[in-house]
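Think of it as A, B, C and D in the order they're written, each chain with its own count starting at 1.
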Amino acid sequence: MLINLHDYEAAAEARMEPGAWAYYSSGVGDEVTLRANREAFARIRIRPRMLVDVSTCDLHTTVQGIPVTMPILIAPTAAHCLAHPEGECATALAAGEAGTLMTASTSATRSLEEIATAATGPFWYQLYVDHPLEDLTDRSFSESLVRRAEAAGYRAIVVTVDAPRFGVKEREERAQFEMPEGLSMANYPGDLETEPASLTWNDIAWLRSLTSLPIILKGILTAEDAVLAVEHGVDGIIVSNHGGRQLDCVPASIEALPEVVAAVNGRCEVYMDGGIRRGTDVLMALALGARAVLIGRPVLWGLAVDGADGVRRVLHLLRDELEQAMALSGCSTLASVGAALVKLP
Amino acid sequence: MLINLHDYEAAAEARMEPGAWAYYSSGVGDEVTLRANREAFARIRIRPRMLVDVSTCDLHTTVQGIPVTMPILIAPTAAHCLAHPEGECATALAAGEAGTLMTASTSATRSLEEIATAATGPFWYQLYVDHPLEDLTDRSFSESLVRRAEAAGYRAIVVTVDAPRFGVKEREERAQFEMPEGLSMANYPGDLETEPASLTWNDIAWLRSLTSLPIILKGILTAEDAVLAVEHGVDGIIVSNHGGRQLDCVPASIEALPEVVAAVNGRCEVYMDGGIRRGTDVLMALALGARAVLIGRPVLWGLAVDGADGVRRVLHLLRDELEQAMALSGCSTLASVGAALVKLP
Amino acid sequence: MLINLHDYEAAAEARMEPGAWAYYSSGVGDEVTLRANREAFARIRIRPRMLVDVSTCDLHTTVQGIPVTMPILIAPTAAHCLAHPEGECATALAAGEAGTLMTASTSATRSLEEIATAATGPFWYQLYVDHPLEDLTDRSFSESLVRRAEAAGYRAIVVTVDAPRFGVKEREERAQFEMPEGLSMANYPGDLETEPASLTWNDIAWLRSLTSLPIILKGILTAEDAVLAVEHGVDGIIVSNHGGRQLDCVPASIEALPEVVAAVNGRCEVYMDGGIRRGTDVLMALALGARAVLIGRPVLWGLAVDGADGVRRVLHLLRDELEQAMALSGCSTLASVGAALVKLP
Amino acid sequence: MLINLHDYEAAAEARMEPGAWAYYSSGVGDEVTLRANREAFARIRIRPRMLVDVSTCDLHTTVQGIPVTMPILIAPTAAHCLAHPEGECATALAAGEAGTLMTASTSATRSLEEIATAATGPFWYQLYVDHPLEDLTDRSFSESLVRRAEAAGYRAIVVTVDAPRFGVKEREERAQFEMPEGLSMANYPGDLETEPASLTWNDIAWLRSLTSLPIILKGILTAEDAVLAVEHGVDGIIVSNHGGRQLDCVPASIEALPEVVAAVNGRCEVYMDGGIRRGTDVLMALALGARAVLIGRPVLWGLAVDGADGVRRVLHLLRDELEQAMALSGCSTLASVGAALVKLP
């Protein structure tokens, strides 16, 4: 019975090749942060209000001015073809059908143009800034990705800022996972060898000058960086610890959210990802100031179980849980979801 | 050996059909609140006073002016006939024999008139406000229930305010529980199809105008709603999270009790239900300001194990444990059970 | 290998009849306080001081002016003959040999006179104030016990104040424990039927007028009662929850100790029992203001394993652990064990 | 797969004789502090900064003016020959090759001169101050050790101050571990029988007068002692609980570090050991004010698994993890690792 996201997780694990499962599921180090991403929600309490008219609950909102039918977006994750042959194209199809927005990853196994073509709704482009092995300052390939994204109709650039290097996922290493024959990072020319660039705020300024698309920083976890982000003119921040996959022992995303929201103080939109599995998790994040949340692994689970249909079902399950949570906490609109709705531990 | 309520739980589970057990026992979502209802008591400490004359401990009190022999009432729960053929009639018989009061549920499997006839003590009526499928504002059936309750001798209307929709109990879903042939919601005409109404404070005003019976709101968890309840002239509040069955991640009832008591500030009676299994649990709730507690599932366990006798035994066990807890903490009367008796975590 | 008190516990359980073991080991209710008595120590931190001359550590002290070689006394516990045929006489022999003091229980299976004769060191008498079934106010039997204790050379009266009724130990009930043939409460005439009296402060005044022996109240857990105790002229207080056997959910003894010590403010001696198993536990209690600690169950374990030799060994093990803990925390005398030595959670 | 220090622990346990393993791995008492040394790290959160240029991270530092390539040193531990025939000589070889410093223990199974000869980098000498059985004040053997250390090129004297007696490791006792035939405390003449001296601050003054080498106190856990250490002119403090092997229930080293750092206030260098297993652990300690950390048991694990190569590998693994943690938290230099990088529980 697939009636919640945990069910999809178990079903996906049963279907996927163990190495690929390890690649998706593992966290860095001792997985302290991976676990914290879930455990932190169980310590927050929702303070529900009664006797409010919740005969209809309106979940529509906008992100960067783009209308979506719910404050639940698809986070960028790599290599969807590991889960399903249609890969990111199936995800893009499902996202629009579910009335929401997909963020396509630079590490997609379908090209950004293919994804754009398959999409039935709005989409954002997640950018890893790379450099060729021989020149740390060469940003030409990243620039070309931004240009291609603009041309293909992407509506924002989501720059991942927490990955100057990639975290070591030991479960993945022990599983000796290797990308299967025939799967490749489809946005990259076959002969291009790159490494992650150690981005700085200067790169954000450069990117700001490069494109008029909204720029969203993904991976901010502190008030200090949130202030700098605003000062550098970004349009959005995704509070994220990369699904517990970059640096272990950093805060759960939901733990870091309040200080970022307070520091931003309304000057740009703030989103969060990390550990969202239930409608009540979404409600807590919204109450703490997130404009929307993004889900990563659950989308892959839906994809592994049933392709685009699975992704759509996962999105619908979470949407329905959120609507139920809003109704039962006395919130008929997202505007009524405020800080008084939760009690922190 | 059936010497405490946990024993009755185990014995009831062993006797009941698994689907019906799932229906009774499950909570919503990940059951965070269901567990919290129990765990919260284990973090509170009783500060017992010594060398007080406790040769007799007086547990008599009144609720809404009605005398009861102990501050332990029967909470409304659905479908007692799942536990025993006599259903709510057996419960009503046992309640009076045990010197306390039963709250009959709108979702009873015996009609409110049958229950009233069987009762040997005072009884309250729990009202779910429904509306016919075609008209959200039609309150005529609810009005008829109130009139029937008045006519049958019910002494208060307990309005459930936390259920504009019903929570999804996944264990129940997985068990594919369906009400057995022959069991029906006995208060409803066979051809009536209704849905829960999304109640508002206006409905409370309407109800207030409809009946002179005391009105008690069940399901309040915040100080804000408690203040509104008092302002709307209600006579009592039951701090409750519906046994962890409506919205997950809301506070344990005992966690929410202090803020409600403080906000009410003596302007109406405050009760609580949720997780009460021991006399020390009752004592803690009383010390934190509850005038009485209500027990739900334990009554069903008693009923499943031994019908009316089982219910009476459950009530007696809990009464005896409370009396023992009062004696050993230096309280010979309920009036002496005050805030200094407990230390919150 | 019997190298710590936990080892003695396991060995005693292996040797004793299950019912008798249940009688000794069980706590009341859900055993929340029984567990808390141990768990609370693991949350306290010792702040050790270095570079102090600890080539010798002096553990000698006095309790009520009586010299003992260590601040570890024997708590009153019932029915030592369940553990060993010599019963309380073996315990009394071992206590003196180990250089400490035994508290004999009213519920002993050897008479207080036999115990006094067997003793090789000082001893106190623990008094349960009973009344005959027919007269709640008749204190004549208790008075006779005090007179007998005085005559037999007991040096203080330890009045248990937390037992106006006895707690229900469910594990004991399930084991259907009954006192074996031939074992009896040796201080009671065979035809005397009594019940615990619901003591009040007036009884303490009466007792004060009755005897010039020091009066120590056992079972105080709050600052309020500690103040009253001092005002009633008692000579000592044992902070105790009766080994988790009277009222569940009261504080661990070590949790309650600081408020009692602060309230007493040096006006009488304060001791504690409950959960002491390690020298570091004793050190924590001393640092928090206890003049000495008492151990109950560990004495019974020693007795069950090896009679008087086992009791002596248990006392020596704990004494050696305390001396080691003092040395390694920079305390060469008990006077140097102060509040700065510990950090509460 | 040996990809982290936990792997080395498991591999070493599998290879070593159980008694020797118990000797290395056990803690004192109930091992509360042994566990706390690890658990405390999991409650601290790293607050990572983004968009800092971390294309290179510089881990070089100095300790007592001695350059090392990373702030990870080798703590003194006894009897390396239990892990590998080359014993401390293999460790000394590996330390220098890994670019760091070894602290040789007085309880080494190779003489301090042999270790000095084998060393490829700088080395410190850990001193246990002993006295002959017959004369508690005779420091002549300790003086000779200091003179030998000076002559052999040791660069500092690390005085262990938390061992006026040795802690009782019960797992070791139960394993009935005895030093194998042929292994001996190589720094001691065969006929010398000594006992640990109960050091005082006077001994520190004496030592200060004896040598011009830097003096580092190992085993300080309180602000009070840290102040005294500074006042006695020491050059460094190692915050340590002796790997949980001396007094149980003292704070985890990382818990005690902040108060020592605050009390020292820059007047000498502060290091810490205890529970370091991950690069993130090192980063937390540095952020809380440690100039460097020392690792003990992990070195023995590496030695047991693969001699000098294993030690080098353990050091490299931890170094690489630290570099990764610095890069992913926005620290390109050790100077940028400050208090704002962590959040205490």
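Operating definition for what follows: a residue touches a chain if its C-beta (ideal position, glycine included) is under 8 Å from a C-beta of that chain, and two chains touch if they have at least 3 such contacts.
None of these values were measured; they are calculated from a predicted model.
Asker: Call it same or different for subunit B and subunit C: same when shared residue numbers make up over half of all numbers used at their interface.
Answerer: Comparing the two copies, subunit B and subunit C contact each other through largely different residue numbers, since under half are shared.
Asker: What's the rotation, in steps of 5°, that superposes subunit A's Cα atoms on subunit B?
Answerer: In short, 90 degrees.
Asker: If you average the CA atoms of subunit A and of subunit D, how far apart do the two points sit, in angstrom?
Answerer: The answer is 42 Å.
Asker: I'd like the Å distance between the centres of subunit A and subunit C, where a centre is the mean of that chain's Cα atoms.
Answerer: The mean C-alpha positions of subunit A and subunit C differ by 60 Å.
Asker: Find every residue in subunit C that makes contact with two or more other chains and list them.
Answerer: Within subunit C, no residue contacts more than one other chain.
Asker: Which of the residues in subunit B come into contact with subunit C in the complex?
Answerer: 1, 3-4, 41-42, 44-55, 278, 280, 284, 321, 324-325, 327-329, 340, 343
Asker: Can you check the complex and tell me which residues of subunit B touch subunit A?
Answerer: Subunit B reaches subunit A through residues 29-30, 32, 136, 161-162, 164-165, 167-168, 170, 173-174, 198-201, 203-204, 217, 219-222, 224-225, 228, 246-251, 255.
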